[in-house]
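Each of the next two complexes has chain A plus one more chain, namely chain B in the first and chain C in the second.
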Partner chain A sequence: MEANKTYPDPSAIREELVQKYPAKVAKKRTKSIIINDPEAVPEVQANVRTVPGIITQRGCSYAGCKGVVLGPTRDIVNITHGPIGCSFYSWLTRRNQTKPETDADANFITYCFSTDMQEENIVFGGEKKLKVAIQEAYDLFHPKSIAIFSTCPVGLIGDDVHAAAREMKEKLGDCNVFGFSCEGYRGVSQSAGHHIANNGVFKHMVGRNNEKKEGKFRLNLLGEYNIGGDAFEIERIFKKCGITLVSSFSGNSTVGQLENAHMADLNVIMCHRSINYMGEMMETKYGIPWMKINFVGAESSAKSLRRIAQYFGDEELKARVEEVIAEELPKVKAVIDEIRPRTEGKTAMLFVGGSRAHHYQDLFTELGMTTVAAGYEFAHRDDYEGREVLPGIKIDADSKNIEELKVEADPELYKPRKSEAELEALKAEGLEINGYEGMMKQMMKKSMVVDDISHYESEKLIEIYKPDIFCAGIKEKYVVQKMGVPLKQLHSYDYGGPYTGFEGAVNFYRDIDRMVNNPVWKLIKAPWETAAAEMDGALEATYTEA
Partner chain B sequence: MKHAKTATQNACKLCNPLGACLAFRGIEKCVPFLHGSQGCATYIRRYLISHYKEPIDIASSNFNEETAVFGGSHNLKLGLKNVTQQYMPEVIGIATTCLSETIGDDVKGILREYMKESISRTGEPILIHASTPSYQGSHIDGFHAAVRAAVETLAEKGAPHNLVNLFPNMVSPADLRYLQEILDDFNLPSMILPDYSKTLDGGPWAEYHRIPPGGTPAAAIATSGSAIGSIEFGSTLEAAKSAAGWLESKFGVPRYHLPLPIGIRESDRFFGLLEAISQKPRPEKYDDERRRLVDAYSDGHKYVFDKTAIVYGEEDLVISMTAFLQEIGIRPVLCASGGKSGLMRKKLEALVPDLDGEGIKVRDGVDFADIEDEAALLRPDFLIGNSKGYTMSRKSGIPLIRIGFPIHDRFGGQRHHHLGYRGTLELFDRIVNTVIETRQDDSEIGYTYM
Partner chain C sequence: MLLRHTTSEVKEREGLTINPAKTCQPIGAMYAALGIHGCLPHSHGSQGCCAYHRSTLTRHYKEPVMAATSSFTEGASVFGGQANLLAAIDTIFSVYDPDIIAVHSTCLSETIGDDLQQITRKALDDGKIPEGKYVIYASTPSFIGSHVTGYANMVAGMAAQFAVSTGEKKDQVNLVAGWMEPSDMRELKRISKEMGAKVVLFPDTSDVLDAPQTGKHVFYPKGGVTVPELKSTGDSKFTLALGCISAEPAAIALDKKCSVPFETVDMPIGLSATDRFIMALSKAAGVKVPDSITAERGRLVDVMTDMEQYFHGKKVALFGDPDQLIPLTEFLLDLGMKPRHIVSGTPGGRFDKRMKEILERAPGANFKNGLNADMFLLHQWIKNEPVDLLIGNTYGKYIARDEDIPFVRFGFPILDRIGHSYFPSVGYSGGLRIVEKILGVLMDRQDMTAKEEKFELVM
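What follows is the complex of A and B.
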């Protein structure tokens, strides 16, 4: 699908984006601003430090660890060890939803615990206060697990959160206490925090419960955080298909599920960036293969279900999946038929996440919209170019500082779910196991790919491309809308959602229709329209100030 | 009651640098800059934007592990240079974080060096630096520190002129516009600092702006040293920490220190002060506003009288709200703040002398777990404070009236008035309507006339 607009030469755009920067910065940024070729994917500089003073949308290691990966599990008490800000800012802000089975089941998601470090804790150390805080949380709730998250000063003053956790775990007896060294200055972005979280969950949680859950087709859903109820929709579809969800990492999950995850027979990965480490480690230790799927987009959801059925190789499941798709898709199609005449040919830009900028392109394609530019906030090269580039990625100082767990096959629990031959056969059928092709192969030629786009660059791109919709987060939302371009938040969904699966796709189409065809935009004259108006006085008369 | 807690559960305060960034947003052509990890800038932007629904850029010196160990001088200088080139700001407002404060970066020294190194360059911005470690105080302290730092950096002694400084405290953009209108109506030339009435509540842009238009110009702040006086709101704000206090000690500009003017009595006090300074009577427009407010009090007294409330938020807001509630016959059974200046009770007593006799409990340094425990016992008719009381409200079924900051689960928080006759009337209407709504909802019959 080609957009019904013409654009300047992408190389000229690239020049323009960096010309304001000092020479050294310009040189560095040029490597992250790429003109796409899906046939021969060019290299994108990614996961490198943001230059100081370039306003980035990236967060920190703590945000990735506590906010993203550990935050959604409802029955862990998360204690932020540090001054008050970090815990406050990560207090329910990601809109992870959770649904305890009964009112009596533990749900600590609405709580925000902090050691609220004061100056004396910085000077004399905060471990003692941390231990008291753990005891208090335990006395209050008797949770199964307590996790501790380090903020910036913790590492510097030498507090050992891991030692404190070990001591308290022993003391409490029936509570699994563990810590994370996810100080905000570690690593390049929140991506470092994801990795740290993966390591911690793998070390301290996965493998603690060997009970085999009932069900013929048992899988874990990795990298799905149940924002806006996304996981609920996927759960609904799995249930309908007769697929058993052992554990989700980590939307709508519980400690019990995570501890039992190694008993599943397949890991399916939504957000490759934040959770691929878990897939790899579980494959090595337990012999569970992983597969990249995508439940964003109706067609992608259908495709993902078919892939899951193909993996299990069961005719009954395959038939059931087809039935479900046949039941779900017509409803979706009806809505597309209604909306598409209004969205066809429009353009979108997506600068968000570590997977979302890829996944959501599918929904836009279904609406007949073209993605003219996209990029991630915190992804790595493999998320852009595909995992085949992994061996060639240089390990820099920032990545070196994040622990790589040494994982070996578990002497008792390692059991390859598929033999080498079976895996080869599946591969021959076109089923990619333990692989991800990245975003760029799916994007059109000459589209722009920009990693860690700065505020300044996104404004420039909007000025040049004048997209019909821009997808990012709340930090970009209001500046983009000031220019008369609607911004769809793909972190919080503008408080909407779910957007996954079939029902989610319908929600998304309707939301996008409401945004791009909204009458309010007629009241806002974009800056480029002002320039036109200055040349043509007649236009000025039609302009109404909002 | 539970034993004293060590951990904070559901905090009723935000961190120091957030307040500084907000204040810097109220200076014209200023880019706020956090010296620390990029995550702080991201979190704080995210949080401020959820309330104001306006773009808020905050730069950062993006510490990494090396910076954390060897110091942030290089990153700070590089960051300032990059911000200058991209944004061409007139001012960069630098606030520290717990990270740079913990490692003990000498920010003042680094900035001196930077200025020396950049002396040959033109168009260099003015650098304002506020020390705002998040392990001290709360967001309100950062706010005042930034305002004071701006004045310390920019104020000059000049020939005395008819200017009045107004340091309004952390109030809404709507409040700021109203305060400006009042000063204009008194024909008093004025300098309000900070003034984010436009930067955080502006219109669409007909042209591109690197930095949103609006804010107090640096040149105006410079004149604050020769003003005829500074009005400063905030009961617990001490001269030693405030901008007006500094101007008084440095340049002899008299400081007129008032509580936030909420309610008739405190608004009268504010208008009385303006009459004294301007030597003019209150413009008739405000007589009308005051009359309408008194009329509303009399029309609505039957709904609110003898009701009880829990009020929470920043200490100064809580103090003035308490005085107002008491004025309309509502008993604030608990006045709570996450802040802990140590002055809250004393300052509240200045407005409501017999706290115990009135059954008013005052607690500072609390979190929402504490407030929730109290609410379960006190069962007030409503809660009044920011959005963070929502969970408590939902659980207890006690209605919440949203005021102050942050309001992220309702629309238009930046446009709420709180101050003066106009703001008090708006608050009064909202309180009365909440009481009526509750009665209506609870009514088994479902009256249409209440």
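What follows is the complex of A and C.
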């Protein structure tokens, strides 16, 4: 495939993408299809209801809560309260890797727990069955924590999972039991579930253990879910730099780590969309500042490490970070030099997630590839345009239904890690504290930004731009590949990874090189379909003795 | 250990299902609807259902799985989903232009009491369904039965809503496919053709979920049973339902609506069940069994006799769906193997009865289906009485690795291997494939673990 050196005119494309929709739908979709200008970022309609029937990438609140945020913690028993499906589909499918320290440590990630609600539970209520299930889980496994996740019917029939959880917590004594009202219909996408999960983890887990662990530079890694081992690579780099990871939220994490997270001195945020609430709430309650970082991309990883060192303001740490970068980057650079001639000038599209469509652009840039169009599946305006738009975002009926916790400074545990003056000084040095500038400022002028892209729109965009690679998820994977365009899954990484840090960057470069230059894409047409095959000539014997 | 908390002590559970051997109705309905040509399945519920079902089917087939959703939010859940479904129908016909939308419900829409029949009628009255297009529906509440039930309900729905009795009988037999792979459906059509039997097979996902790579995405691939074919099922002289749980409800629907007589046979998996199917088809279609089919059978029996020593007395644990487990267990017994532990999350007294009859040949075997018949229980049984072979869907790999058991993937979903959509497991050649797969893992095990002095060249 040849790289597209010139790009189509985006204004005409916008029209074309909505042409086939009923008028009302077209009007609504137009507000989510934006031509980018990084200098004057235009408003993107985001986090609004998906039009029924449109074929969306989006999932539900339960998926965001149980699947994304709570799923990766290994020693918690996550019971899905509902009919069997929801627990089944979220069973091991997100590739959250975890590594218990010993063979004796608890690990429930490979298990699926459900109350398997039946018709009688829908009619007469399911609380009783839920309490029995909690008791049975406790008797069998004696976990430190049991979390309950509500599926759609639970909220409708009025089961009070929180009351059931409180009752069982008291009854069991040594097991922390809590519930989540993350019914699939709440909000407009997975995003609602992230928020609900943040609230629950903050309320029921964080702050339960005030023990101050060793380590000079202690931080939490927020919004990193250890898909394909991403968190392992970041852990490796932190360790090398002498940075102590108190807890990750929540890749490769344990209940104990989450309960102790408030003793860290900094929160660094990978996926802003799914976990920014936690950063904000911990800042308010405990005085821990948060900082957006990105360990996707070698340069971005180096930059993130420097930011962390700058925050702690320790010369020794700064020097150590530079040493680590100097050791790691040349290895990465060598691979880029080898691969880049084969990827330079090619184009990519990313329609995925709530942060990945932004982060992965850095890796493509390192390969000399251009992102011509991108968008999120479930992000909000601040993830596109930057957090400065937050005060202007209208709260609609769907967002109103998601609880906003009232958080106040903890009378005992609130301790500002940095004084106002220190924070101001850091900001003056260019360090963005408690901020995120969003995706669009980094994207080129006239690139396309589409929120909650539909199947129809993505197929049109591919026809028009003919990108060399398309990044999305499993539902889109084979649709796009049937069009002759390789699709990189950025939820599951096509079962590869890790893609974070320095080693992850190398993995990604190699995978993209393999995908965009794979000989199989040239073999799609049969020889008799391509050449004016000479198939009708007479068959003559060669060795006939005539 | 991957399943380190599973112990051998079996305790009765009433509330908690652990590692289910089933999933919910709507995914079965979605799969069945993909077996109609030009059909877009539609999930009437919140977005997550549709996303989960599409993801699981896509992982199983490595193929596009197109389906739409009513995208319920809290408002729809309170006020009813009619407006969402009507809007969806409008959007779908404008943008994706299917011939048919096949709507299935979810636990959400069932709990609030949405009536799909009433809403689809309203769509018709409001002129939202273009001329010559159809919207069909099936009620598939997730809190009843399993994914198999949902499949059965959608297949019954397509029969009931399309079949027409014109009064003029056709010389054709309806073949209702139980939940099986596109490869199996293709094989059933081949066998019927070989026998000279004229059949209408439905649903038919061959050439839909095994579509070729052409560089072009065909939204509605060329396969699938067509509307004229479905309509004609009402005039067929007989219906053969392949599977008492997943196929029979459609046969009953055809009998009720169009007085088409029917017989239910097991899904033709393995020797004996295939024998019964061939005889039933021969009788229903009024055709003789050709020598070519007898030869196919002979090849399977030949391998069974040639290799009997490797099967004999081997203990097997299996899990999966009723219409597969019934004939598969019988086949294992025909091979001289010993089924020891079997679970299926799908409930059903008839299933239970059939299994118990078959297992009379396997004294002391454990069998449980329905509530709490899950893979955790199966694993506990295995810990109490170890087996030589495990057969089931991909989730079995965790047990297989922990307990070091040779593992054959069979059933739904298979998320980590290919083959099921291309190579059939039904019919005599399907039997050969099953035998080959079982022998492969058992003999590989022998090769890898035999002492050097006991290592065999010829086996």
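Assume the second predicted complex is superposed on the first by the 520 of 546 C-alpha atoms of A that agree within 3 Å, B and C clash if a C-alpha of one lies under 4 Å from a C-alpha of the other, contacts with A are read in each partner's own complex, and residues count from 1 in each chain.
Note that a contact is a pair of C-beta atoms (placed from the backbone, for glycine too) under 8 Å apart; a residue touches a chain by one contact, two chains touch by 3 or more.
Because the structure is a prediction, the values reported are computed rather than measured.
When both complexes are superposed on chain A, chain B and chain C end up clashing with one another. In the superposed model, A:K20 lies in contact with both chain B and chain C. Once the two complexes are laid over each other on the shared chain, residue contacts for A:E463 go to chain B alone; chain C is not touched. By the touch criterion defined above, A:N107 lies against chain C but remains apart from chain B after alignment on the C-alpha atoms of chain A. Once the two complexes are laid over each other on the shared chain, residue contacts for A:S150 go to neither chain B nor chain C.
In the superposition on chain A, contact of A:P527 is made with chain B only, not with chain C. Using the contact criterion defined above for the overlaid structures, shared-chain residue A:G85 touches chain B and also reaches chain C.
In the superposed model, A:F141 makes contact with chain C only, not with chain B.
Using the contact criterion defined above for the overlaid structures, shared-chain residue A:T93 touches chain B and also reaches chain C. Applying the stated contact rule after C-alpha superposition, one finds that A:N198 touches neither chain B nor chain C.
Common to the chain B-facing and chain C-facing surfaces of chain A are residues 20-22, 25, 49-63, 79, 82-91, 93, 110-119, 121-122, 129, 132-133, 136-137, 151-153, 155-157, 183-186, 189, 397-398, 401, 454-456, 459, 473-475, 477-479, 482-484, 524-525. Those residues of chain C that touch chain A in the shared complex are 1-5, 11, 13-20, 22-27, 42, 45-49, 51-56, 58-59, 62-77, 84-85, 87-92, 94-96, 106-108, 111-112, 141-144, 146, 211, 213-218, 345, 371-372, 376, 395, 398. Remark: chain A residues 20-22, 25, 49-63, 79, 82-93, 103, 106-108, 110-119, 121-122, 129-137, 139-141, 151-153, 155-157, 183-189, 397-398, 401, 454-456, 459, 473-475, 477-484, 524-525 touch chain C in the complex.
Contact residues of chain B toward chain A in the complex are 5-11, 13-18, 33, 36-47, 49-50, 53-68, 75-76, 78-83, 85-87, 97-99, 102-103, 133-136, 138, 202-208, 210, 391. On the side of chain A, the complex with chain B involves touching residues 20-22, 25, 49-63, 79, 82-91, 93, 110-119, 121-122, 129, 132-133, 136-137, 151-153, 155-157, 183-186, 189-190, 397-398, 401, 454-456, 459, 463, 473-479, 482-484, 524-525, 527, 530, 545-546.
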